[in-house]
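The structure under discussion appears below in the form of structure tokens.
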Amino acid sequence: MSLLDVNQVSMHFGGIKAVTDFDLHLVPGELVGLIGPNGAGKTTVFNVITGVYQPTCGAVVLNSGDLSGKKPCRITQAGIARTFQNIRLFGSLSVLDNVKIAYHFHATHGVLASVLHGSKHFAGEEIITKKALELLDIFGLTPRKEEKARNLPYGEQRRLEIARALAARPQLLLLDEPAAGMNTNESRDLVRLIDWIHHEFGLTILLIEHHMDVVMSICRRIVVLDYGRIIAQGTPDEIRANPKVIEAYLGEEVSS
Amino acid sequence: MAGGCPRHFTNSQQEGRENLLFLQQLINGLQLGSIYALIALGYTMVYGIVRLINFAHGDIYMIGAYTGYMIATRLNWPFLPCLFAAMVFCAVLGMTIEKIAYRPLRSAPRIATLTTAIGVSLLLQNLVRYFIGPNYIPFPELFKRQSYVIYSAGSGLGLRTLTVSNIQIIVLVTALTLMFLLQFIVRKTKTGKAMRAVSFDKDAARLMGIDVDRIITITFAIGSSLAGAAGVLVGIAYPRIDPGMGVLAGLKAFVAAVLGGVGIIPGAMFGGLVMGSAETMVLAYGKSTYRDAIAFTILILILLFKPAGLFGKSVSEKV
Amino acid sequence: MKNVSIRIMALCLVLALIVSLVGCTKAPVQTTVKEIVIGVVAPMTGDVATFGKSTRQGVELAVKQINDKGGINGSTVVIKAEDDKNDPVEAANAALKLISKDKVIGIVGSVASKCTLAAAPIAQSNKIPLISGTSTNEKVTQVGDFIFRACFIDPFQGLVMAKFASENLKKTTAAVLFDIDNDYTKGLAEQFKLNFEKMGGKVLAYETYGKGDQDFNAQLTKIKSFGPEILFLPDYYNTVGLIAKQARAQGIKAIFLGGDGWDSEDLVKIGGDAIEGGYFSNHYSPDSTSPEAVSFRSAYEAAFKATPDALAALAYDAANILMEGIKQAKTTDGTAVRNAMAGLKNFKAVSGNVSFDSNRNPIKGAVILKVQGGKQVFEAVINP
């Protein structure tokens, strides 16, 4: 019984075939890596899963429920959260509000419920604040909670994005290059953190990453994309030894 | 032009009189300004969220005045229910306009939406012309006018008292209450935070589970209801309404929004109050012919020197 | 209410359609019956629409009475009316259409001076006599010798109110607040100031506003600081109502004076209590006791179920002056009609006996009305 099934998905933009016949099945609790050279179509896969794009053909199924045609916000509410390759925090909101907003909209109630249902609202508000603070604590952002998100240093913004995604209480977390732009030390810390939340929250994670050491160290299974097609999948050792992968990454360092 | 008459003031008397006059003019300016501010808020909110200058906004304000008029004359409701009904009606109208006219064009070029907005504006005006009539109509008197002397400065020539009318108090208090309510909604509630998130990054907001369409609808509803409230307040303060009343008021409120920085709520409030005061001061110390010119002078100056508005952070254009 | 008026409108439309169809089929035969067509230009919609309505009804009544007596020299008189929306451009277009398309012999209209000033040159160059009932601006008849009016002129109203303020009310200080974009209110304001000062009074403040303004607090605060006894407001009713309210709310206690622009029921609707006790000059009062005025009033009330205002009376007079000219000229030639009109002496009109001076302005007196208990009450007659 799988959590996510991506069945034969293709995504074409006019003449550009960003993704072709993509198949992926995730078992609950898995942490799978998605790698591939620049422009291979990795982010596009995320965009299709989260409903930003409607696939040209194929279907995405979460918990046996077809996601086709659903609005992105409904898909998020159904249990998929993500981070972005280019950080997309709500820069003008405080760090705490960035996290709270995702909590709020995990399950929405009436339109003006928050305005009209005074006491209930405040009780709910308190719980949410508490939970958001717990999350910030995990990511070491508590001291920054009142600051505007845009004023955080880069590394912290990356962490906040993950915290915000977690606040949406997903079953499946999609991380798009969370270690991009980090130095070796920072990315090692991040690996540890991802590993930890993976276990702690019982999450299923799909991870796009260019830092091979990151992927190889925490993913049990890796899928390799090139020109929109899956060219290989398997354990880190299998991938490292796969000649197709080596060819695709010609010039790039595959093993660490 | 003011006709001179021989006045024999000592300097300090003269000065006191001038100060009093200035304060009284400021009170006048704030009354006008709070109405501009209420309209400007709607412009700013909608712009902040969908980057659309909703040219029909001034006409929603006009519809607010007419709704108030209808309810006050047909149902004889008092002020507050009247205000509330006009706000609700305008909220529904705003949502409907958004759904029918703007939503289908959300990914169309901006000029298409802008043209549609102008079309909606003309439609609203002409609907009122057709169903209610093209002429000025008197707005019913919801309050007996009364004025209170809040400061009295002895005897002599010139302005000796500072006067505030109940109408001025009602207009100011209502406008400020609504502004603070809005500020509360935007700052403190989940919907308000969602609005800010959507205005910052629609796609990211969507992927955090925020129903962007609904937030846009709510934004139109709130913005339009504020315009509706402004319509009723104008009916009370200046009891003469007509189908074209939204055009110039809307334009001035738009300038107020730009002055404060489009998309910034405290900016719109501030901009509205400044606009009202500036206009009053021009009348008080300059010529009435410059009354409307001041709005556009402000607009040009702002666009030249601080295009992001007084409250906006200047973002240098990336070339 | 609404349903009824919609039904009446629909009925009128159907009737109009039938009439036009019938008219079409009969057109060739009709050439034998000679009709005299006179045009009306008036604001039927826009900010002073009640003026247009009164004007039209005045003309309609005059024409109906003439036709009931067998028309002019045996010909029936027909009215062609055009709406100028109180807009000079529309007024000029209306005059052009009446002259070129409807072939009118003369025109009654328009109401506001600015509109008549736009329409007059067209009538003048086509040698069609034009007579305005109510355009009081001096310049109107200066357009040319085919332009007449049935009312006295702006300088006279400014003078009348100045005279009334200083002689009847015995006041010595005044302020003036007027629309600088409008020739009518400007003309009154200038003449009031000039004459009031000539009579020894002081104009302490002379303030202006623009077309369509709703907020007068700034100017009123300024005026208040001078504490005048009189506030002269020579604008139309809807603006005067607004000003009066704001003035009283500021605690200004001055007596309000104005001109014939005040003459509308809406003055009290907008101005409420604030306008109580104000005085304005007018051409006519329904309470006038001359036989012409009495019979006009009863006929008007019978026809329109409303008391005639000055606009109706003046339009009635204007139409009658024009038709009298046509009758005396015994021809429909524009120049002959003009000459006959200019030569009228003591023509018995509702608003007084009319003779024209060399500028085709009638020489007659003015009435002062007071707003009291929400009504207009006859106060005095002021002679030039």
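Before moving on, here are some points about what is shown:
When the chains are written out, they are named A, B and C in that same order, and each has its own residue count from 1.
Keep in mind that, in the parts below, a contact is a pair of C-beta atoms (placed from the backbone, for glycine too) under 8 Å apart; a residue touches a chain by one contact, two chains touch by 3 or more.
Keep in mind the model is a prediction, meaning the values are calculated, not measured.
Here the chain-to-chain distance from subunit A to subunit C, counted in touching steps, is 2.
Of all chains, the one whose mean C-alpha position sits at the greatest distance from that of subunit B is A. Contact count check for A-B and B-C (C-beta pairs in contact): higher for B-C. Spacing of subunit A relative to subunit C, judged by their CA centroids, is 77 angstrom.
Averaging C-alpha coordinates per chain places the centre of subunit A 43 Å away from that of subunit B. We define each chain's centre as the mean of its Cα atoms; on that basis subunit B and subunit C are separated by 37 Å. Considering their complex, residues 50, 52, 71-74, 76-77, 81-82, 84, 88-93, 97, 100-102, 104-106, 108, 111-112, 114-115, 121, 164, 168 of subunit A touch subunit B.
The touching residues of subunit C, counted against subunit B in their complex, run 45-47, 49, 173, 175, 180, 193, 202-210, 212-215, 217-219, 221-222, 224-227, 238-239, 241-242, 245-246, 248-251, 266, 269-270, 272-274. Partner subunit C is touched in their complex by these residues of subunit B: 1-3, 5, 17, 21, 24-25, 28-29, 31-32, 134-136, 138, 141, 145-147, 149, 157-159, 161, 163, 165, 167-168, 234, 237-240, 242, 245, 248, 279-281, 283-284, 287-289, 291-292. For subunit B in complex with subunit A, the residues that touch the partner chain are 185, 189-191, 193-194, 196-197, 200-201, 203-214, 218.
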